[in-house]
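Note that subunit A is present in both complexes that follow, paired respectively with subunit B and with subunit C.
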Partner chain A sequence: MSVLCVQDLSVQFHDRHAKGETVRGVTFTVEPGEIVGIVGESGSGKSTAMQAILGLLPERAEIRCRKLILEQEDITPPCNTKSGRQEQKAYEKRMEKIRGKHISMVFQDPLTYLNPTVKIGRQITEVIRVHNRTCSRNKAKERALELLDMVGIRQPARRLTQYPFELSGGMRQRVAIAIALACQPKLLIADEPTTALDVTVQGQILQLLKRISKETGTSVLFVSHDLGVIASICSRVIVMQNGKIIEEGTTEEIFWEPRQKYTKELIDKASHLQEPSDKEEYREPLLSVEHASKQYLVKSRWNLKGDKSAVEDVSFHIYKGETFGLVGESGCGKTTLAGMITGMHQLTGGGIQFKGKPLVQMDRQIQMVFQDPYASLNPRMTIQETLEEPLLINTKLSLEERNQKIGELLEMVGLSLKDGGKYPRAFSGGQRQRIGIARALILEPELIVCDEPVSALDISTQEQILEILEQIQRERQISTLFISHDLSVVKRISHRMGVMYGGRMVEVGNTRSIYEDPWHPYTKTLLSAILTPDPRIARKRRGMWKVEELRGELASDTGCPFAPRCGYAMECCHTQRLETYSFEEREIACFLYSKEYTGRRSHDYKMSSQI
Partner chain B sequence: MKALYRGNFLLMMGTILLAVLILLAVLVPAFSSYSYQAQDVNIQNSSSSFLHIFGTDKFGRDIFVRVWYGTRISLLVGIGSALICGALGILYGSIAGYAGGKADIILMRLADVIDSIPSLLYVILIMLVLGSNVGSILLGICISGWIELSRVVRGEVMRLKNQEFCIAARMAGATPGRILRRHLLPNGLGPVIINVTFLVPKAIFTEAFLSFVGVGISAPAASLGTLIQESRSQMLVYPTQMLYPVLVLCTLILSMNLIGAGLERKAGL
Partner chain C sequence: MQGYIGKRIGMSILSLFMLVTVAFFLTRMMPGSPFQNGNVSEDILRSMEREYGLDKPVTEQYQTYLKNLLHGNLGVSFKKPEVTVTEVIARTWPITASLGGLAILTAAFFGTVFGIWQASSKRLIVKGGIFLGTMLGTGIPNFVVGLLLMLFFGVRLKLFPIAGLTSPQSYILPVISLAVYPSAVIARLVQNTFRVEMERDYVTMARAKGIGFRQTALTHILKNAWIPVLNYIGPAAAFLLTGSFVVESIFTIPGLGREFVNSIGNRDYTMILGLTVFMGITVIVINLFTDLLSAWLDPRIRRSLR
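This part shows the complex of A and B:
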């Protein structure tokens, strides 16, 4: 007896923009206790299908479904063109009872999912009491405590009285899962639950879902675009493309013997990202950041002189022509550092040398590619105007020369001069990002700073953008600072990389050697959290994240910021001032590599990983 | 243009009404055989006829011509003050918003100080000093009329200035003036235009009110407010003398409000 049985589900939007069906004849079943993954690019209809099952789609969506059975209950939505209002209302009423009780959902962004003005405890007990009227307030509270404990939140009693903003992203997602599990549903639909989280937290949430499914026997429908995530958690996989299920099978079948071309491509792309690239070395420094710090003045009534460091004593070089990758979890100071290099933020300590001269303000030779392709182009300017602006300001080229240059660059990023007359709204996210790259390149800069340029894009679009960046790098020898939280992207594109944690650069070195042999405990944690799109490897890692994540603390003057989370932490890690130690190409900020710890060493001592 | 009016009944109605009113206000005093100030003892207080469509007042002046002459003044005050306040508010607000920090605090507090005195008081004081004519009414309204708009503009500029496309323009070396002109204002134009539109009926109303109270434009020049005030003494005997200017004033304010509301709906605010 399967938990969910969907037969011939189709969804059509009657809208000016979207023509045709977004979901076409989808049929699948979910067995008790299994985790089924649904993969596909954005726009393939994954989420729409899930919402149709829950009856959450807006009225203008036409849902047709032959059969939709949850356990023994028939929850087939009425066909809204034929059925009357009465039937529609009855369906709504039935679904209200089922949602949250028998099927529940976990969404991508726990911040928008949780009500910011209501305490966590109230949000959990509310769900319990809505579906179980006889449950007393105290009983509900007990159950809430039990639930928080189950999802691995420490001090549940204290958390119950806190508001969502007091919790970190990972904890919020845990609370969202607790709410979803409140009524012991038969089926949990998780729609990209880890996409908005850092890699290390993502690992923890996946472990949690797996454990819960095993302990409570809940079936999970796991929607994701990330094959690594799917491989590590699901036992069965459904691949969707253009609203249709194109392939279905056990995880092993899908990953090792994909029958469809599209599935093969998806897997190839994902594994391709994993391979580090061998690249030649560059040795002429273009940009050197020396002991750069940025402190923000925190104005609060109680703490008058408190300043917070966003970036603390960071030093590294970028050589001419190379791509330098910068990774770290959100809030670690990557973007602030990018702002300092581009001249948007003033340094509060240290300095930056660009081409041998100190960098004081914005330099035309440093340009930037932004994260959000939708916010980075002026919606009221055509592409031509956007690209022309830097030329008008900085050069005295004639109209023809300008047009020639714009055409050349647009071609380089895979667009044509014909597109120049259009406004940004006519382009997709990937195309906009190409335009953003063209704009950054138009002044022929020597350094471009890419701040998470692909994190808002689909896997296949990501691949295209990375290819363009690589091609530009090859052809024009432009140095790139590539910032990303996605380790596989950095691995793919960068020659050398730096790892940041809590405002400090904890490790710098060649990408390849860092990936093969991480020296810093944090780097190791990060690397072990990467999910490979290979079920065998992905499943092997378990039990690695026992500790509940702590809120990423900001750098303090004394001690290592990673010490509270570090398994190798020593006495000195909490108290002494952290220094950076260099060994050949590797620079590392960790006491494990200090003279005091490794002892006096001879001149030709070769340092190796201490962990 | 077509797209602007499609399915927007409010905006269409407002524009048609306003166009008719402007046409009448321009054409009637220009082509009528009567002057707005010529008195005629023989036809005092006559009622509507073919010669005098709205009748005549107690001095035998043609009310039809006087009403449209008054509409001219109302429109001049309304649109003139909206343009001046619009220009001032956009300039001030964008400077404050773009500069940010201390400059912003100083500029906005200064605006608060100016705004803390009721705008009617400014108008009355200036009328007393500079005499009661259209110029001084405009000046009085514009002293504090731009402040609300400048707050809106400041907010828009502050919201937009840290958007990535503005940072990109700054990196390309664009000057603040260029960034404001090309990047910030075009994107924040929606709420600004709506606010400017709503300034017009406000100014028209202020002028009419002041003229009615007796501190506005004085005879023989006629504004809608003056006409209503003059006919007040004979309200019970000749109600139509009051009715016509009131109707025209209402239509005028209604048309501007319709345009404002229509634009607001269009912008989805």
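This part shows the complex of A and C:
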């Protein structure tokens, strides 16, 4: 007896921007207690199909479905072009009883899916009480505490009275899962539940979902574009392309013996990202950051009191023509550091040298590519105008020269000159990011700072953008500071990399050697959280994920910021001032590599990983 | 939070002081004298001005006024020496405030109801009807509404009294004519914000939880949709609570607005100043109140105040 049985589900949007059907004749079943993965690029209709099952799509969507059965219950949506208003209303009434009780859903971004002005407690108890009218307020509250405890939130009683913005991303997603599990549903639909989270948090959430599915026997439909995630959690995989299911099978079958060309391509691309880049060395520093710090003033109730370090004592170099990758979880100071290098933030300590001269203000030789290609282009300016603006301000080129330059750059990033007259809304995310790159390159900079340039894009678009960046680098010898929370992307593109934690640079070195042999305990944690798109490796994973999520509980000011989470922490880690130790190309900020710990070293001592 | 309220009150006192200063010097700059009249001789005028201290330098008058103000003494009316300004306020403000208060409550209620109705209805006739209504409501000035209401309900149908404030029924027409404009504006604002909020992800989430539309609207959307509306309600309430001259005149209501306009015509210095200070206090208190209300509605604002 399968939990869910979908037969011939199609969705079509009646819309100006509609491009035919988005879901075409999808048929699949979900058995009790299993975790089924649905994989596909964005636009492949996977989320639309899920929302159609729950009846969450807006009215302009036309849903046709032969049969939709949840256990014994028939929840086939009426075909809304033929059915009258009455039938539609009756369906909505019936679904209100199903949603949240028998099928529930976890969405991608818990920040926008939780109501910002309603307390966590209310958002959980509400769903309990709406499906069980006889449940009293206190009973519901007890159940909410139990649920929060189940999803691994400490101090649940306090959390109930807090608002979503007071919790960290991982905790918010745990709350969303608690809400979804409140009425013990038979089926949980998880729509990209970890895409908006940091890698280490992603691991925890995946483990949580797996554990819950095992303990409660809930079936899970897990939608993701990330093959690593799918490989590590699902027992069966459905591959979707252009609204159709093109392949279906157990995880092993799909990953090891894909029958379809598209599946093969997807897996190859994902594995390709795992390959470290091997690149020649450059030895001429273009940018040196020396002991740079940035402190923000923290306002207290009565006066300006104390300061909070966003970036503390960070030093590294970027050589001419190389790509330097910078990784770390959100809030670790990566973006602040980028702001300091581009001159948008003032330093509060240390200095930055660019081409041998101290960097005091914005330099047009340093340009930036932003994370969100939708928000960083002015929607009221054509691409031509956007690209022309920096030329008009900074150069004295004539109209013809400007146009020639714009055409040249657009061609370089794979667009054509006639695209120049269009507005940003005419382009897809990947194309907009190309425009963002063209804008950064138009003043012929020597360094571009890319702040998460591909994290908003699909996996195949990511690949294209990375290729463009590499090609530009080859042709123009431009140095790049590449910031990302996605370790695979950094591994793929950078020559050398730095790992940041809590405002400190904890490890700097050659990308390949760091990936093969991480020295710092935090780097090790990060790397072990990468999900390989290979079910065998992905499932063997254990340990390391157990790292507690500790936000809010701040580490002591003087010691190592990672000490409270570190399994190797010694007493000195909490009390002594952290120093950075250099061993050939590797720089590491960890007491495990101090003289006191490793003992006296001879001149030609070769350091190796201490953990 | 207390720190914030304290700071706000401090700022309010400062702006009140500015208001008094500007108003004081502006009234003194008005041409003519409060006692000027066709049949008053030069001598008598002089002696009356001396009596009221108007012959002294303006700065000295200003100091005296501030000193009295600190003691809560707003002075006596120049035109009717038998009443003090405080007495006038005590007599007229309860009338104006009850009218204005009722009007703003009516407006908030009907504006929200119609706004939500327009935003959530699928029927074209409802949407179009409310849209037309709000257009007319914002377009027609309140005295025209007042006159039309008087003509129709008072004179033709004889349902409600058309002048004075003698019975509860006599409140109805003036309150409606005061409330029409703000309700139309609130309906349009609510309609707009509600529609935006309905598109938000948390509404999808609420639907996915199996919560019906009515409950979603009340517990989730309304709170978020109301925050921008408060920005309008504050000034509108301040305006209504300090009296509308036109509506008070049409319905012959002895309110604050009418008193204020008359005092300007009479060059009744103390009266103008006294009423200005009083209205200033009202506006400041209402603004503080709406700010606190929005902090109560939105925890993020509350946090930023901390």
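Rule of thumb we're sticking to: the second predicted complex is superposed on the first by the 597 of 611 C-alpha atoms of A that agree within 3 Å, B and C clash if a C-alpha of one lies under 4 Å from a C-alpha of the other, contacts with A are read in each partner's own complex, and residues count from 1 in each chain.
Please note the rule applied: contacts are C-beta pairs under 8 Å (C-beta built on N, C-alpha and C of every residue); 3 or more make two chains touch, one makes a residue touch a chain.
Quick caveat: nothing in here was measured; it's all calculated off a predicted structure.
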Clash-or-fit label for the pair subunit B, subunit C on subunit A: fit
Touched partner set for A:L56, first subunit B, second subunit C, both or neither: second
First (subunit B), second (subunit C), both or neither touched by A:H131: second
Touched partner set for A:G567, first subunit B, second subunit C, both or neither: neither
Following superposition on chain A: angle at subunit A, subunit B versus subunit C, Cα, nearest 10°: 30
Partner chain in contact with A:D109 - subunit B first, subunit C second, else both or neither: second
Touching partner for A:P358 - first (subunit B), second (subunit C), both, neither: neither
Shortest CA-CA distance in Å separating subunit B from subunit C in the superposed model: 6
Touching both subunit B and subunit C, residues of subunit A: none
Interface residues, subunit B side, partner subunit A - complex: 163-165, 167-174, 178, 182-183, 186-187
Subunit B-facing residues of subunit A, complex: 342-344, 362, 364, 366-368, 370-372, 375-381, 386, 389-390, 393-394, 436, 439-440, 443
In the complex with subunit A, residue positions of subunit C that touch it: 3, 200-202, 204-212, 215, 219-220, 223-224, 227, 297-300, 303, 306
Contact footprint of subunit C on subunit A as seen in their complex: 54, 56, 95-101, 104-105, 107, 109, 112-118, 122, 126-127, 130-131, 163, 165-166, 176, 179, 301-302
